[in-house]
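Comments concern the structure below.
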């Protein structure tokens, strides 16, 4: 077998049996996935997923960045080259290097997918490559593996995508119109029209104007266009926005200065500092709009995008070369918090790639400001040890109830159950330790486990109605 | 029962039994509390403490910041509104939200107080609110719960308060004069007269001049006034100073420059950078005076005070909105250490809110400079997991003997035994792990446990004589 | 006994037995020591080591920095005073203070040396000082304790020293010429000729010119001299370079600017920023040369050398007063990585003194760039807890196979087996936890343990041939 029923539970027998008991009560709760990068089109069209290489290797930068780091070229993997021509060859390369993932969460997620979805029980290796390829390919062609069938099998109650303001959301509308009863929601991610460094920024803003009938060449019209687009998103069930800024800097400029800054930015005359200031101002503007329209804000700061200049020139964005940078929330968020921090109707969910901020900044901030909540460990830290560090470093200052449950944050639809399972097990493991050390009673631990799995995410993301 | 006799000990049975044995030998040692924020007036007057809301909710920002973060307003809690009018109502709100403290040290401390002091054994909840309120209120009116009786019951050998240089220390003198045989000592905390950003800074310095008969409008007179005030404190048993600076920056300016800087600061002409430089210079001046008068220096840097601008304007200081910031000791302390770092007669105890400095800066510094010692985990980090991180990250470079035992650092007098109990248990848990893994012998672990509980604090704070 | 056969293994009985089984298979593998500070002269001359004070106290700043931090003066320890006059007296001081090392790796290493090498079984203390001194002194005079005999007894397969480009490497040549069949290799550490702040920088460069017959007063000649010297090192088996820079900043200047910068630096006209820029440029130049000659680069950044100004003036460099500083790899390395980061023929091994970078920067970087590998925990972090943090924080993003096994990095030749033993045990303990928690299969853990002990170091440091 690839996965063990006690996986991720503490080795100490007494603690393990507490973890097992906690997990037994929450393992079958529905999946609420309020932030991720699956595609509405899959569910709108409901066509079969392709072969395992295109499905599990090509879109997953967790996978190919590790291979790349060990000298496998992107050419060999047919990454960034359009349609993959020889997926079986790519799959064999992956299989041969599968040992590289020992000790990583990717290994845990994939083994879960291989065994639970595809019934494979012998470890992937070069020798097993073809058996895996054929078994998976065959199953993917059956009706049970169509996107909608999997969605139901996965017991997903809510699934949020992440979408540009320029997206027509046609796929979301198609899902609604199809009469299929599934809750798949868009998320408003305005980076393409609020980040002056985003490719095509100026054109994006022009398109935003066309879409909304607003004059986005001036500050007022631009804000109005954003406001209208948020309403369009809300109409399709959107409850949240998402902001992928290089830093968590915020600003609260006087209107005249903001107007000037926008003019400079839109004219392409803004220097690096002014671009940063513009993004900072836009976070505060988004918070202001959230107070009006109720959308929950998510902030994902601290990534240096496209760190590898050579690859960026060859392959463009999203090639596995985004690297975290030290992040300062305490100074960065202050202007926004000075303005709106005490509004308990506003919800801002903070994420980090800089774990040193958990105990130093994030937990103290979330343990004070009514608007703040802490998102789960993100990206590189969405891993068993990353989850332990988050709970150990955030809980004592912020408590459990200033956190918001789990995000799978994935492009890999098939891995969603695996990822939620890891989070549920790690939360139960953490709670079991508290119970075993008499820091929490077992009845309370059951309540907290339920909240971390289901209650808090629905509350924080305003998914409780409907 | 609210608390378990094995609480906080490791779950592994073998390690737990070692921890139990270590703890059995140190649990009854007297409490030495060399740094905290209790009030001498309580012991001077020896009047009953008020009801539980005024005693346990109102003064404890650990408590109300959590409630505030979850949308309970300060109005509802009657915080910062003078005399509390409906303490039972406030207590009920607190009781209803007590579940928020799961997994936090506040929960551990309060459960200890409820059970060990007040004999309560059923968990606090909305339903239990009145029983708790009445039980606690009633006991607080009995002679056994008067401040002095509790002091004795708690087995406190030394209790230090924290005091402004402008404080007359009348309460401390009253305690002495009363003939009651308890060692309650003032601590010299000069922030009001060395921090140009402190409210009333200029007036404070004028008052310092009046109190000491020195001309504090000039640098020499100002320093002389500080020197005299330190002597006044020492006369009442003070052995330590405390410095709550935004950063650990120090400076060692030539006398002429320091004189000029003081003139600018006192005239209100200093910019933000000069104000910081003045604080930096004053740390070095304080070290110089400590070399003369023997007072131990404590430095508590790295807190952004009054981060929440709106609340600060409404309620003023100390409203639970102080947030840590990244802190650099290695560059900041260098001027002071270049001047006095090799003096083994000088003791400087360093604290931090930035745990990333434990292994990177603090342990390496304390493991070299004879004057440096590491204070225990402070504030947000005064918690079980915080204590584990401190020992795990500081011990291997600095050893146990460059640390100084525990500080409760609390305003909440009733929680003092609970807090020391947590520290003792966590130290025993840490040592038990070392013994179980054959990294330390059990006889040595007993010696270290005693030192961490009793010996080191008395030595570091120069409390051994008298 | 001083050391226990299960030392450093997890306390949980099930996990411990897995750790034991893993360790049993790798404990007797040969030692590969690719980075350290032993002296080739010891093996060239093969003369007896001196008494225990000169051998174990005087050269080991881990030892005397702890004593110094607790008020023992360097005078008492006869540090930095030339030939030690009363080693027995120094040894007694050390023995009396041996308890200070409780909980530190120094204690673990020394107890191993005392028991395994010298057969001592009763703990060192003031009372045992003379017995230890006499026992050790006596053994050191026997043939079994001569450097070459110990080298063979230690089962060392490769031992690398660290050498200045100005070193004639006569001792390395003498070892080769002696016919003794041991692989002792130099490492090219160019700090004396690439760091403008290095004492004697200008003279060093002039000497480099003399040694190589190049005109090192111009940029081209300087680079050519370095290139030639690297070849001279390679000729004696050198496979790696090492770079001890204050920061990991790199630069990739146009040739004209680099030429100008060199001229300014060599003329002594470079300010602090230009000196830093020069070091930054030199890292890129070294990478360029590594691509040609195949030498593996090691970068050891982030230490503030000679932090204690007073001691530096009295005693000079390397007196135990080097302190880590926060280190930024993600921005610092970008110029070099933009140039050469995608070359899988290049190997750059990164070290850190700032543990907050493990999960934030180093693991993400090494998990992407083909040229990058992560060195083991360094210096203050070369300790049991430091090793746990490294594996826990780096493995999930970088995997095991982007790490390079263990470095002892020591001047203390006798401690080499002890240090490798600690690393092997901690790796087995980490792997045992993964197995016990069903995150890795036991057969895989055996493979990984072998790789971490032997395979990866030989591969990363290109020691597989020969």
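Here the chain labels run A, B and C in written order, and each chain numbers its own residues starting at 1.
Here is the rule we use: a residue touches a chain if its C-beta (ideal position, glycine included) is under 8 Å from a C-beta of that chain, and two chains touch if they have at least 3 such contacts.
The shown structure was predicted, so the numbers you read here are calculated from the model rather than taken from an experiment.
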Rotation angle (°) superposing Cα atoms of subunit A on subunit C, nearest 5: 120
Interface numbering overlap (same over half, different under half) for subunit A and subunit B: different
Distance between chain centroids, defined by C-alpha means - subunit A, subunit B (Å): 40
For subunit C, residues contacting two or more additional chains: 10, 12, 326, 356
Interfacial residue positions of subunit A with respect to subunit C in the complex: 3-4, 6-13, 65-66, 68-71, 99-105, 108, 123, 304, 307-311, 320-321, 323-326, 353-356, 380-381, 383-386
Touching residues on subunit A, where the partner in the complex is subunit B: 10, 12, 14-15, 326, 328, 330-331, 334, 337-338, 341-342, 344, 356, 359-361, 363-370, 372, 392-393, 395-402, 433-434, 436-441, 444, 447-448
